[in-house]
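Chain IDs A, B, C and D follow the sequence of writing; residue 1 opens each chain.
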Amino acid sequence: MTPLTREGIAARVAQDIQDGWHVNLGIGMPEGVANFLPEGRDILLHSENGILGMGPTPPAGEEDESLVNAGKKPITMITGASIFDHAMSFGIIRGGHLELCCLGGYQVASNGDLANWSVTDDDPIASVGGAMDLAAGAQRIWVMMQHNSKNGDKRLLDACTMPLTGQGCVKRVYTDLAVIDVTPEGFLVTEMVDGMTQEELQNRSEAKLRFAEGCGTLPDLTKAA
Amino acid sequence: MLDRRCKSLEEALDGIEDGASIMVSGFGDAGRPNLLLKGLIDKGVKDLHIISNNAGSGFEGLAMLFRHRMISRLTCSFPRGDLGKEISSWVRDGSLTVEVNPQGTMAERIRAAGCGIPAFFTPTAYGTKLGEGKETRDFNGKGHVLETALHADYAFVHAEKADRWGNLMYKNLSRNFAPLMAMAAKTTIVEARHIVELGDMDPNVIMTPGVCVNRLVQWRPVAANEWGIAA
Amino acid sequence: MTPLTREGIAARVAQDIQDGWHVNLGIGMPEGVANFLPEGRDILLHSENGILGMGPTPPAGEEDESLVNAGKKPITMITGASIFDHAMSFGIIRGGHLELCCLGGYQVASNGDLANWSVTDDDPIASVGGAMDLAAGAQRIWVMMQHNSKNGDKRLLDACTMPLTGQGCVKRVYTDLAVIDVTPEGFLVTEMVDGMTQEELQNRSEAKLRFAEGCGTLPDLTKAA
Amino acid sequence: MLDRRCKSLEEALDGIEDGASIMVSGFGDAGRPNLLLKGLIDKGVKDLHIISNNAGSGFEGLAMLFRHRMISRLTCSFPRGDLGKEISSWVRDGSLTVEVNPQGTMAERIRAAGCGIPAFFTPTAYGTKLGEGKETRDFNGKGHVLETALHADYAFVHAEKADRWGNLMYKNLSRNFAPLMAMAAKTTIVEARHIVELGDMDPNVIMTPGVCVNRLVQWRPVAANEWGIAA
C-alpha cells in the first residue's frame, strides 16, 4: 500500500474539476492542483486578493510585484482574466459564485465541520485570512490533507477539537489514502489507494466510515503522466 | 470550452416561465436591454415580477411589457412616468403590485444579494413611510432600518463589450444597476453591442467578471414596429 | 417687493457653493443651479445614476443615450469626470462624501424634517427615486422652493403634514422671498428680498421665524448678470 | 481650484498624531504605500492603530512601523509572517492588541464604513471563535453574525495613476483594499506613481473617484537604508 504524495492528491483533485468552473485554491497543498488541471477545460482560478484567471508562476526575473496570489507569491494572468477589489472578490466568494474551493485541513468532522486555521485556542497570531469566507461562501468545499497527522493523529473525526473554520461546509475530502464524500449520513468512502483495506482506513479515522458500493481504486495520476 | 454565447435570442431566453422574477438594468434609455425585452414579449410569458429602477417609457423596452400586461409585480424606486395613469389604475384594480424602494436602498439590496449579505442597516427611509414596519436600530445616535437582500431568477443586462467568458464593459451611464444585477440573479443574460475576443479587454478595466454572467447574445437594434403595439 | 424667479433662487444658491465641493442637484428647480455656478470654482456635480463631473446639456443632435442625468435628460461629461455603478454612487451619497445636496421641497419643518416626494399617503405611484438616500446621506441638505404653494399654503411648518423624505436633514432653505437657516432653535432668517418685512414673512410661514442680527437683502443675481 | 496635490511628503502627512487609526492598503508587496509609511516613520508618531490585511514583511513598509514600535493595535486578517515571533511576544506582554477578522468580513466592514452602512449580517465566521460574542441571526435557515462598519482617521493608498482631483487607477492586484479604504477614512492620502493631467484617464475606467481622496503626493522608491533599522 503506497499513500499518494502531495502531488498525487493534487492530481486526483484536478481530475474532478469541471470545464467552466471558477475555483479558489487555498494556500498550501491546494495550490498544487493548478499544475494538474486537465487539458481542454477552461478552468478559472480565483485568488481572493482580486483576480479571476490566475496563471502559472512567471519565469524567474519576470515577476511583477503587482501580480501576486493570496500566498503573496508571483503569478501571471491568463487570457481573459479580470481584476477587482477586495469587496468584489469576497462578494464573489460569499455570494456563492465559485463552483469550488479547495482548502487544506487539520480536521474534518462527519457533519462537514472544518478546522484548518488555528491549532490552539490561545495562539496570539492565529491567522485566518480568507478561509472562513471561502468555507461559508463557495458552492462546494473540498478538503485536501494527509489522512493522519505526522504523529498519527486522526483527522476524520466525530467532532473537531481544534477551532472551527466553518460549520458543515465540507463536501468531500481527498487524502493520501482515500476520497471521502461528506453526506447527510456522514463519511462515505468512494476510492482508496491500492492495497488499503476498509478495516485499516477505519482504524486511521475516528468517525465511522461507510463505503460506497462501487468503492474504487484511488489512482496515482502522477505516475500515469 | 467555456463559451457563454448563445446562437439565438430564443436560446438566451430559454427556460423563462410565467411568474419569473427578472431584474432589468438600465436608467432611462441608458443601458436598457431592449433586445432581451423584445424577446421576452415574443416569448409571451406573463405574471412577471420585474425589478427595475423605473417603469420604462414610450413604446419600447420595459414599458412594452406593461402595455402587453406581462407584469404583475414591480419593485422599483420611481414608478411615475409615461405609464403613470395605467400603473395607478392597475394598482387600484389589484392586477399590479408596486413596491417602491429608495433608489440607493434598492441598489444596495441587489448588491447584497449578489455578495452573500442577507441584510444590512441603512439610515435611508428611517422615520418615513418607506421605513414603516421595518426593524430599526440606532447607531451613533442615528436611526436606521434593516433591509434585506433582493434576489431574482434572472437579470437582463445591456453591455457595450463582452467576450465569450462573459467578461463585460459598459458605456458611460449605461453601467448603473448592471454590475449589481448581474451578480444577484440566478441566471444573468446579457445582450452585448460588441462581442470581442478573449483578452481584447484589459483585465484591469473589466467591469463585470464573467463569473457573474450565464448567457450572452449579440445585440441588434429593435425597430419600432417589432414591439407589437404601436405608439 | 419682488419675489425671486426660479432662476433667481438658483443663482443665489450657486453663490454659496464652495470651490471643490461635490454637489448633487435634485430634479426640478435645483437643476437650474448648474447654470449659475461661479467662475473659477471647481465644483463637481454628482448624479445618482453614476457620475461625478456632470457637464451641461449637449447641443441638439449631439445627445448620447448613454449620457443622461437622474432626470433622464441628456448631459455631457466635464474633463476629470468619473463614472461608477449604482452601489458606488449611493455609497458616495450614504457615506457622507457629498458636501451638498440641493433638493426641491413641498414642506420643511423647523426641526429640519423634509417632505418632498409624495403629496398624499395613498398615491399608488408615489416615486421616491434617490431623495431619501440623499436626505439621509449628504453632508448638508439645502432646500429650494417657493415660499408658499400656488394656492398660498404655508411650507415652513412646525411639523410636516405630507409624507416625510427625511428627519432633521435640512440645513438651509432658499425661497423666492428669503434665505432661512435651520438651527437647533428653529428657523433663522438671514436674508429677505428687498421690501419684505419680518411681519409679512412670518405671516407667510407657520413656524415661528427668528431673524439674524445682520439679516441682509436677498439679491436678484440674475439681474446683476 | 480643486488641487489635492501636496508639495511634500510632510505636507501629505500633516496632522497625523499619536493614537491615530490608519488603514494601510496593499496585499503582500502589491499596492503597499511604502513612501507614506516611510514618511510616517520620519514623523515619529506612536501608539497607532493600523488596519491592514497583513502585518508586513521584511525590512521595509508596514513591518518597519512594527520594528520601530509605533503600533499598539492591529486589525488584520493574517498577522502571521516574518514578524510572527515579535508580534506574539508583544501581544503576550500587552504592548500590542491584535484583532483578527476574516479577510472578507474585514473588506466588507471597510466598504460599509465608506458607504454609510453601519452594520450587516454575514455567514462568515458563524459558529466559530471569530463569531463568538457577536449577535447572530438565521436567514434562510443559515446562521449569520452581525458585523459593524470599520472606520479610520486616515487611509494610506498606493495608486498607479492620479490626477489633481484625486481620481485614481491601480495596477493589477495593487487594487485590493485601496478603493474601500479610500472611502472609509476621514482623510485619504495617496502616493501615485504617475500624476497625470485631468482628463488623461477615461472616466469609465477610473477606479476611485477623487471625492474619496484628500491628499496626493508623487511616489518615489524608498531605498533600503531609509528605513532606520537595517536588515
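FYI, a residue touches a chain if its C-beta (ideal position, glycine included) is under 8 Å from a C-beta of that chain, and two chains touch if they have at least 3 such contacts.
In this text the structure is predicted, and so the values were computed from the model without any measurement.
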Via touching chains, subunit A connects to subunit C in a minimum step count of 2
Here the gap between subunit C and subunit D, centre to centre from mean Cα coordinates and rounded to Å, is 36
When centres are defined as mean Cα positions, the distance from subunit B to subunit C in whole Å is 30
Listed in rising order, subunit B residues that touch 2 or more other chains are 108, 111, 115-117, 122-123, 171-172, 175, 203-204
Check: subunit A positions touching at least 2 other chains come out as 51, 77, 83-84, 87, 90, 93-94, 136-137
Contact graph of the chains (line, ring, star, complete, other): other
Chain pairs that touch, by label, are A-B, A-D, B-C, B-D, C-D
Residue set of subunit B touching subunit C in the complex reads 27-31, 57, 77-80, 84, 87-88, 91-92, 98, 100-105, 107-108, 110-111, 122-130, 143, 171-180, 207
Contacts from subunit C onto subunit B in the complex sit at residues 47-51, 64-68, 72, 77, 83-87, 89-90, 93-94, 118, 121, 124-133, 135-137, 163-167
Note: in the complex, subunit A contacts subunit B through residues 19-20, 22, 40, 42, 44, 46, 51-53, 77, 79-84, 87, 90-98, 136-137
Per the touch rule, the subunit D residues reaching subunit B in their complex are 108, 112, 115-123, 137, 139-140, 144, 148, 169-172, 175, 203-205
Given the complex, residues on subunit B that touch subunit A span 1-2, 111, 113-117, 163, 165, 167, 183, 198-199, 203-204, 206, 209-212
